[in-house]
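Naming follows writing order (A, B, C, D and E), and every chain is counted from residue 1.
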Amino acid sequence: MTFLLDVKGLNVRFRTEFGLVHAVNEVSFSVSKGETLAVVGESGSGKSVTALALMRLLDRTALIDGEASFEGVNLFTMSEKEMQKIRGARIGMIFQDPMTALNPVFTVGDQIAEVVLIHRDCTKQEAKTRAIEMMGLVGIPDSRRRVDQYPHEFSGGMRQRAMIAMAIANSPSLLIADEPTTALDVTVQAQVMEVIRSVQESIGLTVMLITHDLGLVAGFADRIQVMYAGQLVETAERDRIFYETRNPYTRALLDSIPSQLGVPGTELKTIGGNPPSLLSPPPGCLFQPRCVHATEDCRMTRPELKSVGQNHLSRCLRSSDLGVLR
Amino acid sequence: MTDLVDVNSREGLGAESLSFGRLALRRFVRHRPAIVSLFLLILMVLAFFFAGRLSNFAFDAVDVTKRLENPSREHPFGTDEIGRDLFVRTMLGGQYSVRVALQVSLLATAIGTILGAIAGYFGRWVDTAISQMINLILIVPALIVLAVFAQRFGGSPVGLALVLSGLLWTRIARVVRGVVMQYKEQEFVLAAKAVGAKPGRIVARHILPNVVGSVLVEITLLLGTAIVLESTLSFLGLGVQPPIPTLGNLIQQSKGAIDDAPLRVLLPGFFVVFFVLFINFLGDGLRDALDPRSKRQ
Amino acid sequence: MLTYVIRRVLSTIPLLIGAMYLVHVGVSATSDPLASLRLCLPRCQEGYDRVVEIYELDRSIWVRPFAWFGDAIRGDFGKSEALGEPVGNVLLERGLNTAMMAIPAFLISALLAVLLSVYSARRQYSKTDYVLTGFSFLGLALPTFFVGLVLQVFWGVWFPQWTGMKPFYTGSMRTGSVLELLQSITLPVLTLVIVSVAAESRFGRANMLEIISSDYVRTARAKGLSESRVIWKHALRNAMIPLVTLWALDFAALLSGSVITETIFSWPGLGPAFVIALTKPDLDLVMGITILAAVIAIVFNLIADLLYGWLDPRIRFD
Amino acid sequence: MSEPILRIENLVTKYPIRAGLLRRTVGHVHALNNVSIDLMPKETLGVVGESGCGKTTLGRSILRLVEPDSGRVMYGGSDVLTANSSGLRGLRKDLQIVFQDPYASLNPRLPINEIVGEPLAVHGVTKAERRARVGEILREVGLLPEHGNRYPHEFSGGQRQRIGIARALILNPSVLILDEPVSALDVSIQAQILNLLRRIQLEKQISMIFIAHDLSVVRHVSDRVAVMYLGRVVEIGDRTSLYENPKHPYTASLLSAVPLADPVTERSRKRIVLQGDVPSPAHPPSGCEFRTRCPIAQERCVTERPAMQSMEGVSVACHFPLGRDESLVSRLNR
Amino acid sequence: GGSDDETGSGSSGEGCGGSGTLVWAHEQEPGDLHLDDPENGLTITAWIRTGMWEGLFGVSSKTEFYPRLLAGEPEVVTADDGSVTVNYTLREGLKWSDGDDLTADDVKYTYDMVMAKDAADEYIYLLSDRTGLDTITAFTVTSPTQFSVTWSAFFAGWKALFGEVHPMHVFPADPAEAAAAENDALRTWNQGGTVLPSSGPLVFSEWNKGVSMSLVCNPEYHGSTSPDAVNTGKALVDGVQINFVPDTDAQINALKSGEADIIMTQPQLAFEEFGTNEEFTVASSAGPVYEHWGLNLFNTHLKKPEVREALALAMDKGDVMEGLYTPLFGDSLPAEGLGNVYWMSNQGDYSDATTEAGYGQGDIAAAKAKLESAGYVLGDDGIYAHPTDGVLSLRVGTTGGNKLRELQQQLLQAKFKEAGIDIVIYNQPGGEYWGAQPFNEEALKCANSGGKEGDCNVWDIAQFAWVGGPWPGGQSGVLRTGSGNNIYGFANAEFDAKADECDATIDDAERAACYNELNLYAVTLQKDAQTGLFMLPITQKPSFYAVSATRLASFGVAPDANNAGPLLNVADFKKN
């Protein structure tokens, strides 16, 4: 099977005034064409850094190593010029905060048309026409008028739609959506997810959806990948993650959600403590201090990502002896 | 309860507790240009205040038989037109310049902080009144203000400091006003209000300490500006009157000699330029240290 | 937007009047137009009386400004006693000379400031950044008169001594030919540029740094734009917004005469006229120059605001 | 039924919009429009609504951190809104608030002792006593007394929120207003805080107004829930009836938009995606504010603002409320 | 002077110039060519006019009158009624630059215009002042070169009158109209579009405001009779361009960089360098401006004669001269400085009462003794203090910004410190000083009331520069009781009577002796032991030129005692 994106051994470290921050450690994963991969994890678990590393958009303090082959080329070894041809053309990306992600001084139309203009051989007029078309596609009403408006004249949801329009204007094969709805209200979140879904269907997009909201991916993702402290801890088909997780962290995460299906007013299950420091990660399992299943062994031995079923990997020393966690 | 408290696992921090100030200090210490500048500044100021005492000459001891001498062992910086020792005069000049600059920054900071904080915190007509006052000072050309007031009061170092602060407080006031306006909407200020704290307490405990950073940076700029302005005023004949030396009037007095006795101009000039240069580096370091977003490697 | 302009202009009128009043009183209180005449009394009784009459010195200094206002409102700004011409003419002639120097100086330093701040910001904490920072701090530390005199000695005395060539005039405005004008304008413009580019590029660098790390610049990169397009199109336009205010103020200050530079290079602009007016004292000319400077300051502040609004569509004027 | 501990009656809070030559006020953002809510002793009242609907303004108006324009906030027989400054200070002992942003709500320059002890200092408690009480309260919120010497930046978001809660609790208030206390936190941390709040409520018998935009969280902690839209309460009632059988189409669509962490349910759900954005509160629509996005709006909704009406233990402001066991989907399919 | 032969030879019509334009960099620019500002009267406007309009008498570098337009010394006749008539004869062949003859009628015209009724109110101050002219009872023109003037009583300053003669032929005949026309013409140096004709070596050419003014040589010039002129008496340069360079250091740079040929700025350090540099020539001389300290007679300390005398004794003019002036100016100034408030040290009738009294020589011991005799006790800080009047600290003030003067003050300050007198330099720039201090209303009230009213401690000591002239009587008015200029508070009826007598004395030698006696009141306690000695003369201010030796072949300028600027002696300039 060939993958659209195949990441092997990705490490990202940041040089900071306090020392090296190990933001992403030995992350390997792959995305097949047409599928929706969700990356979930708590804040600081390295979701965004992974995405930005793939796009090579991290600043100069980041040290990246690993391999990322996308459509058969290694993203990390190509020149900056070649990378520019991929960004916005082959891979589109949308960000968390639609309020700040659009340049306030250019019209929305200009910003969408620009991405068309630089990647395609077309006139300004054609680019603008394309922009209007894309705005229509993502459900911005009255796009002919709104194409000339500035971002501040758009609501948050509309801005995120504009971002999507921009990201897919060149019909990329991969869309990386980094928490596209976190800043939005539920009703608008529903709208935006709807847009992504329909766009995905209409142009056959592969989507890598980054989020911390497990609820959001329940109805959306094909495959889910859980990150913790810069590591991939579990990856599997969606339902397996929800119903047959083999990883204590995933389990704890699922349990801590006050669900509408749960009993209100009861004590929630929590994950005690805080994620570990990424500056000097302790030996052993990184989740061990917070894990209810931890043993002495977990403190000393760093677990590997192991296959625990079909297309199901989990990083836990006790994966096999704990079985499916409920 | 099951909550597990583990403070020591927080990112990047050991058991040692660091206040915001200490953290900033740590960042500052890593700013090499700023630290070097601070060190040199201290050396310079020490020299200004003590080196003059090593000399056998008084700053105003005239000896017309020793006019315009070149640097020698006896007179390390040479002598001036009426035979006064330039080393002592330069050191004392530095002392007066630094004093003027310090007084200016102290006074301007006090006025600017108080008025800026009042304007920013109370808003409405108080703000309008103070802002208009600031605008008033800003639209009148600085030189008029300086010329008018320096003529009358600028002859003594203290008078000059008063005049300069009267002009320069606006900058601080604007900065403070901006920061206060930004902070007074902050939730921690609302929190203080919510527990019934009075405005005085809120401003003094919650707002002003947060203004310190920006003001500190402004003060360094102010110090530099004051020293440069002092010398510019001397150029126009409005500065401190003789025989009291300041770096400014020392340069002014010898600027004509730049062609044939460049050292005479360059020595006091050196002190002005490097003092301001170091002050600026210091300010830069402070700004970086106090900026939470700073990303220095 | 028109209402905004009107509101701004209207709101500055009391300010302007207040400023004029204070300057009038301040200058009256601290200077004595009769100084030299007193020394030649009783021979100069008539001149003395005349000066008393011109400046209404027999009235309290608190009411004197009103007479001046009265005339000023009718467009009569008085006559410059020092320069022997109506104040209006002086302002026009001198103002044009000042502008001749201020405009190129402004344009060059603005351009340089942009280039330097972009360069410095993109290579933050690099050696070049440190060197540029050092130079701009040096620019901030050098008193203008010092820069001016050094340039003058260098190009007027030392360079000709070494090379036998004298490419620039070191004083006086010469307008005989374009070449002469260039030769005489270069050094004063250079002085102004050295002094103002420092502050502008520092400010620009700080802005640029902030913007380079903003979300929308990341978005621009994610679109696959080349680095230069990201910087020169997306970042710069935003970085210019706060710079515009600084520029407007700097330019206003330049236009109201750079006293030091013009004096050193004997440039017949508003700066030296102002010094003459102050030392004379020539109250009407002081007032004229002040009002011009204040109006320029107000106008350029307004222009800055409007430019701000033009550059930043989030700002709306109503 | 007992007397409410806090009665909010017809609360109106407007923010002026200034424009024109003289910066005259040309209009108002009606952040709160005739909001009336009763808070019962020991109950937790959840307030939900989309961004900008006036939740924060409500919380702050109650404490007069913003000045309401009209209405009453009755507490212990007196009106908070007309209290003089010393009276207000007394009332603020009893009414406390926890803020949304755990980063912005703690003064970065002060150690935790000072932050948490400030309410005591303001109310004239001696230093020694303050120390003891702070240590105690820190322990209660799950921190250690020795943490008191540390500074806010040394704490994680969840811990900071605990500190904010400690500050609000130290005066032993009887009403606690929580303005989105968990929305800035990760789920795992959020659960810790929710548990803490639950325990505090049980132990201290405090009445709470819990503001949030996350319906699941509100459901988890609240006894009663108020749903706000554009500065008005559109539906208020006890949790079970409101969640199981929403009457207001807005409540119903809000609930339907919330994703559920259960793929099976998710797959079978019929979701109603509201169209459009929330209108600007400066120019609210005529009649029923929700009509522009309401899937079941009719002529009448344009002209006539629906009044609050009680039905089945719930109050709802809608001309065409959903009936018992009627869902929005079924209404639409009808 | 070598030019005496030229006198009267009337070598008119012969070409002038030929050696290029002389560039003079100067800090001041005139407002116009009026003498309306008394300050201008001393400086740039007067300097420019000196090169263009000659008068009956000129003033030499020795501060003596010499016949300029006159063929020789005129004849003075005294009548029985006390009236005095002077018979003047003009040089032959005098011409205006436009070729018209300059005749006695031009002199009469100048007088009529100044005296015209309307002009008195409106314009007269623009042209000159009327003192001395207003006592003229008759003005008779007897031939184109001869005229006589009668005064009702002798006017001591008669030679100073008609310092300029104006060209009648370009102005209206009616004196009042003429005054109006001149008033306008002087704004632009133009009369109806044509340049005003000159009688001096230069003609106005062009004025580029703010930048420069150009003058060209007068082809009709009749030659200079100045005893200081060394060549033919005709301008050798084609013209003079005055570049207005406000900053003195910029002037020096201009000279060094070849953008100027001559500067006459206030003495700077650089002048010593010029003096030793072969490329430059410097010249200096004692000018007619002299510096002195004026004492406030009602100041707490200064009202004690002993204190004033102690100041006079401690004053060290030699220090100033040798320490400061000699290195800068060489021996061209008298080393002992000035000692008379009526005469300058380079004038023949000068008597130095100060030195005679033992003042001005830095006699520290004597000064201390004087102070102690007045009850002052030396404090620990080395400064005297009076048991009731406090520390002997005196402020000396002047208009700041004059570097030489400031150095002088600092020198003296150091000297006085040795004598236990604390001197605080209290200068204020611009026009501020006079009004704020000596001429402060309260201070004047004190002076005029003999210390009974007003505030007597507004100022202590003022450093002044009086402008002297060949006619010494000018200052007598100032010191008279109640004169508006008498800031010292000096009031002495005996002095006033003596001053009247001096002013009316015709014989030069007698008059000088009389003024020398008046001087004793001002600078010693000899004549008035209580209120005498209220002026401490210091020195004459030097006039100073630096020129580029490489660009000027001959540089014959004697820095003129008239302080008239380089244009007076433009005849002596020759460009390489």
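Quick note on the criterion: contacts are C-beta pairs under 8 Å (C-beta built on N, C-alpha and C of every residue); 3 or more make two chains touch, one makes a residue touch a chain.
Keep in mind the model is a prediction, meaning the values are calculated, not measured.
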Check: What's the fewest number of moves from chain A to chain E, given that each move must go to a chain touching the current one?
Finding: 2
Next item on the list: Identify the chain pair with more contacting C-beta pairs: C-E or B-E.
Entry: C-E
Notebook entry, point to check: If you average the CA atoms of chain B and of chain C, how many Å lie between those two points?
Noted result: 24
Item checked: For chain A paired with chain B, centre-to-centre distance based on mean C-alpha positions, whole Å -> 49
Check: Centre to centre, by mean C-alpha position, how many angstrom separate chain A and chain D?
Finding: 31
Item checked: Euclidean distance of C-alpha centroids - chain C vs chain D, Å -> 54
Next item on the list: Hunt down the residues of chain E that sit against at least two other chains at once, touch-wise.
Entry: 249, 253, 256, 429-430, 432, 436
Checklist line | Residues of chain A engaged with two or more neighbouring chains | finding: 59, 270, 272, 274
Notebook entry, point to check: Taking each residue of chain C in turn, which ones touch at least two of the other chains?
Noted result: 30-31, 149, 153, 157, 213, 275, 278
Notebook entry, point to check: Touching chain D in the complex: which residues of chain A?
Noted result: 42-43, 155-158, 185-191, 193-194, 212-216, 218-219, 238-239, 242-243, 252-254, 256-262, 264-265, 267-272, 274
Check: Which of the residues in chain B end up touching chain E in this complex?
Finding: 60-62, 64-65, 67-68, 81-83, 151-152, 155, 237-238, 241-243, 253-261
Notebook entry, point to check: Hey, which residues of chain E end up touching chain C in the complex?
Noted result: 25, 29-32, 34, 36-39, 124-125, 129, 131, 187, 209-212, 243-247, 249-250, 253-254, 256-259, 399, 429-436, 439, 464, 477, 483-485
Note to self: Looking at the complex, which residues from chain E come into contact with chain B?
What the structure shows: 248-249, 252-253, 256, 268-270, 272-273, 319, 322-324, 327, 400-401, 403, 406-407, 409-411, 413-415, 417, 425-430, 432, 436
Note to self: Could you list, by residue number, the parts of chain C that touch chain B in their complex?
What the structure shows: 12, 14-16, 18-19, 22-23, 26-27, 29-31, 125, 130, 133-134, 137-138, 140-146, 149-150, 153, 157-158, 213, 253, 256, 259-260, 274-275, 278, 286, 289-290, 293-294, 297-298
